[in-house]
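Sharing a structure with you now.
Residue numbering begins at 1 within each chain, and the chains themselves are lettered A, B, C and D in the order written.
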Amino acid sequence: MISAGIDVGGKNVHIVITKNGTILAKMGGPTGINKAEAAEKLYAEALKKAGLKREDVTRVVATGSSGPRVAFANGVIPDAAADARGVIKLIPSARTIIDVGGEEGRAIKISPEGKVLDFAINERCAAGTGTFVDTMSRALEVPVEEMAKLSLKSTQSIPMNAQCAVFGESEVVSLIHQKTSKQDIARAVHDAIAGRIGSVARIVGLEKDVVMIGGVAKNPGFVESLKRDLGMEVKVPDDPDFVGALGAATAAAAGVLEEKVQAKVVEKETIEEGKA
Amino acid sequence: MVETKKVEYWRWPETSWVNPDIDWKKAKFVTAGVDVGSVSSQAVIMVDGQLYAYSNTRTGSDSPESAWKCINMALKDSDMKVENIDYCIGTGYGRVNVPMAQTTITEIACHARGANFMYGPEIRTVMDMGGQDCKAIRCDDRGKVMKFMMNDKCAAGTGRGMEVFADLIRVPVWEIGPRSFQIEKEPPMISSTCVVFAKTEVVGLLQEGVPENDIMAAYCAAMAHRITELLNRLGMEEKFAITGGIAKNEGVVKRLEKELGVKTADKVWYDPKMKDKGLPFDTQIAGGIGAALFAFAMLERGKAQSARKA
Amino acid sequence: MEASEILKQFSDVWELRHEYAKDWKRRTGGKVVGYFCTYEPEEVLYAANVLPVRILGGHEAPTLATPHMFDMWCPFSRDCLNQGLQGKYDYLDGIMATNCCLHPRQAFGAWTIHVPTPWNYWFVMPNAVRSPRAKKFLRGELEDFKKAIEEWTGKKIADKDLDRGIDIMNTNRRLMKQVYELRKADNPPLTGAEAMTMVWASQLMDKREHNESLKQLVTALPQRKLARDTGVRLMIVGSENDDRPFMQMVETVGGTFVIEDHCTGSRYFWDEVVPDKDRLQAIANRYCDRVPCPNKDWGMQDCSRARFPHILQLAKDYRVQGAILIQQKFCDPHELDIPSLRRYLESNGIPCYFLEFEVTVPIGQFRIRVEAFLEQIRAEELFV
Amino acid sequence: MAKYKIKGLDCWNRAKELRARYYKDYQEAHQRGALRWEGGAWSFDAIPQALEGEVHGLTEEPYGASIGADPALQVRYQEAAEGKWGCARDLCAYLRNYWGSIVLNEFAFGGEWPKADFIFQNHICCTHAKWLQVADEIEGGDIPYFCFDVGAGAYDKIGERQINYVVEQLQDGIDFLEKATKRKIVDEKLIQNVQNTYDSCCYWAKTCELNQAIPAPLDEKTMFSLYVLGTLEKSHKDIADFYKNRLYPEVKDRVANKIAAVADEQCRVLGDSQPPWGFLSIFRYLEKYGIVSVASLYTFSLIGWWKIDKAGKLVPYPTLEEQGITIKDRDHALRLLAEGELKGKLMWAPFYGAKYKNDIVAKIAKQWKCDASIIHLNRGCEGTAQHQMEMKIAVQKLGLPVMTFEGNMADEREFDEGRTKRFIDLFVTETLGLKKVAE
């Protein structure tokens, strides 16, 4: 059976098409302004890459913060659920998942079957997300990939005080003025976020194996900082940013079909409101 | 993960100006104020307390460089050299890294003093909307700070935020103000003013097909609201003037006036001579003006010696 | 000994607090009890030859505390718990807390569950300290506390022991007050950061040793001249404060802290126990009559506060030109007082500036605020 | 096809009527020559209500909560408190609503802010004494103010000394009241009020106890609106009568007839702390999955009195009848009142340590047959947010799945409805493995 998983996040769309569990095609790209369109377009490309027609695909499951926007999906599953399914497929020994994407960092505790037992997310501030890294790389005037390499060369740890991404930016600038090496600054940035994410992970409890996924997992500098913060090994699968999509595809194959979750807000009820 | 930069919608034009009617060589004191902010840098040159030249440039990652860049730009159409300056005061967020400055004074004091010079002695409340700080200042008729407050450890509702927004919505930053009024009716404001999360929210609105102008209106309104909160905490007293970059954004200013129920002082020189000559009025140079005026005062009062090298 | 050397000793105890406590145990074979709030009656602990050490900030991101205290709890309390969870206090024989504010109770609660400590005690300190009923009630609680310690240490606490405990504490208070007296000078012989380091040390080390150093300090300080301009005479008021980088930063940009009202400063030691043949009652009276924490400061007939006039008096005695009001983020007791305190001080001609502390303060952002505040105070120099 | 019958509460309108009357009485008190007083929901209203003549109180928390139920109003009030008075944004959300209301001189139920004649407060958390101390200041500082302290220790440590400490303060409180109002305390009234207080507090606990039944006759969302009366004036005979003779019998009858709060009850949830009042809709959202919040330490013991019996079970605190007590005189009344509030109100236990809360919560989870727990990490009230993370760990140890979500009982700026529903979807479909029930 052929199934597809589509992960539509804040910044990127990731698509995985599988046949009886084996991956036929992976396709990723930026969401741009219109996420639905981007998903549509990339899905077409993915099918082409896999040499398939739409009707060949039995079931499509979407996930990610904008999963519900994917009109052609047969169902939607929550992103943490997709993470869990994807990770357990790739690394069966995984018990704790740390997923750091552009706008959210989350930790998930899973059972050996890949069921979500507990989860926590980095609440309401950007200082624990990929965006923080992007902002800092802009301030440091080196691309993120470069930052990763630099931080691995760093020899000392400098604490960053700023919580806010924008103040972090100016803290980086003042570190530059203090003639702090770019290596050390890069590490300071990674350590700062790792600290935030690390404490989120501790909320669900750190059970081995800890697996990190999401776009930021491609940043070895950050992974290093995270290992340091957690004081334990952190595994990273190949293409860590495709894991959510893979999980959705797995769900599709398994036939998990949640009816689309409407985001409509129920009208407010007051304290007098009762059962009557 | 790294964003490849397209057109930089946040980038605004850099400017400079020299007053042709002043012969600085006759001056008793030539003073300068260099305001190195987190986003923009200005240099202001004053001749015996008269505005002689200024520049408004973008701050790079290196403050000393930015300082040189803006002071050289201010003097590019003048025969004055930096060595001719008697006393220079550095201000702004990068004030400690202004090589040509003899001393530093915070932008809070400088903006109050500058606003007093630009808008006149009736100003009692000054709002400096800078790159990453909002400063609400109460001052007396000489522009002396009586009380002030700054935004908390988060950059929501600052100039930097507006730039990120401009980039995101792909509209030149100076167009946001005017376009934010080309709307049917005022939309609800963006709920999160956090630079990063506002981004998420804006993207959401764009996807729901909310017209760009409405989103700009919603963002400007959110910013105006943040500033109102700060002013309420400070305790607002008229007349009220705005300095800094955001002052140029009518979209924010008009909404701010509406929410406060207070009119902001007109952006024209208080000094009739300057007004009549139609000298350019740039709200971003208030800090530099204040610094240059303080430098002049310190020389006059013998609190400082001329550092003139030539 | 030189004043500077003695102050250096205090600074060393502050920096090497754990080494000090471990060494003290080795030297004396005594027990060490950690405590959170200055309403814990150290007199009784000293009477039992138990060393009380206050849990103070470690100033590292409290990542281990997050699973136990989510971030609406004050950073100081989270910091305290974090150090417990890191094992930094593994040498403690006991840990105790009291009815102060709700924040340290979180830390204490988690501590008793997750940080193995042989003995723990919850000491009930009444909140209505201005009620005539509190003193009697507190005496009873002290009785229980004394019993609990006797059972724990297996030694009876006699009146002479209580007298010793009271004397150690009172001597310490008296000597530190003498040092503070010197801060009234035009050019104080010690900075605010140094003065507070002295108080922190007092909360961390054996007060008998602290007292010996203080005796020398009191004689040595008058000869000390600091090669610095005192600048603006500042007061700092608010919640727990052990942020030395902040104190030092302010004193490098043109100000000097000449007095403060913190439970890590004058509020901790200002009042002595007035001896009475009923020792426990004497101790109870002291803790009810001391300069209160805002949390315990309310009137019996009206909305008056006992704390405000005291703070104003300090400001006058120390010729304060401006006050910096600080609080740990989320510190309700101080958040509840500060708007009123600010109005009170400003109406009495003392300009105020407010700052909110976290585990680490963003020095850069605070520096500009402080500089601007100092400029505001001496602005006249800048006008023709 | 629904699993159980459901039916609205017959006494519902009576509850609404009592609540409405309470605020109206306070507002109009002066027109009737009656006195007005402010205090907390736990301020032993039995005492000021025993003053001769007509007296009406305003309790601060429920008032703040009512404002919280209306996000637009709440933001306006809070911005007034934060802006015009200058208080911190992270203070108790009820308090900011309350102060803002005074700052704007607006009574949330219409008209101007009705200034009180005196304040009779008690200090239950860091906020309480200061709440009305500052309110008094905002109003000019001329309101006679009294605040007593109940911080005498945890329920299992309450002995003679602790009771005496509170009773003596109450006696001082009576002197204060008589001096401030130039009216006398009427002992007959006081005795009756204490009797009523016992009925309100014990019968609320008995009603909560009935919720151990499957299906649960009440869901927490409804209970929120029912305990409110007890936070207004538990010493009032109409309110005591409501709990004893209207609510309790009706809920008993629901249990007998298997009338459910939620038709498709399939998962019983243990809650904690106040809900985000402006967003009670999340409870409706849970019902789509057949999830019923049936119990919480907060809802049970905010007004309910409880004790732990010999078997270690959590049971309602005995009424005076059950104890065979008739109140003799004023001191007897004060003593009984202090006893009930100090020993019976387990809500206070968490203030003395995480273990207390965990023990009680574990009993509730077992006795009320909870399958899971959803904890509102309430940034608006540090009192009820005591040890919530420790509670999470403890409940997970019991084998119950736990979901937490950050929010604020009365500051919508700190609650993200969309995200919370996302959490619920994940928790319910994945961790609990439940499907939405057909609508």
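Convention: a contact is a pair of C-beta atoms (placed from the backbone, for glycine too) under 8 Å apart; a residue touches a chain by one contact, two chains touch by 3 or more.
As the structure is a prediction and not an experimental result, all values here were calculated from the model.
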| item | value |
| --- | --- |
| Chains in simultaneous contact with chain C and chain D | A, B |
| Taking each chain's C-alpha mean as its centre, the one farthest from chain A | C |
| Approximate Å spacing (C-alpha centroids) for the pair chain A, chain C | 44 |
| Gap in Å, rounded to a whole number, between the CA centres of chain D and chain A | 41 |
| Multi-partner residues of chain C (at least 2 other chains) | 67, 362, 365 |
| Residue numbers of chain D (touch at least two other chains) | 86, 389, 406 |
| Multi-partner residues of chain B (each touching 2 or more other chains) | 93, 153 |
| Chain contact topology (line, ring, star, complete or other) | complete |
| Chain D contact footprint on chain B (complex, rising order) | 229, 232-233 |
| Chain B - residues contacting chain A, complex | 1-3, 38, 61-63, 93-94, 97, 132, 153-155, 158, 160-161, 194-197, 199-200, 203, 206-207 |
| List of chain A residues in touch with chain B within their complex | 10, 33-36, 66, 69, 102-103, 124-126, 129-135, 137, 139-141, 143-145, 162-167, 169-170, 173, 176-177, 215-216, 218-219 |
| Of all residues in chain C, those that touch chain D in their complex | 67-70, 72-73, 99, 101-103, 105-106, 108-110, 112-113, 122, 124, 126-128, 131-134, 136-137, 140-141, 294-295, 298-303, 305, 329-330, 332-333, 335-340, 342 |
| Residue ranges of chain C in contact with chain A within the complex | 60-64, 66-67, 71, 360-365 |
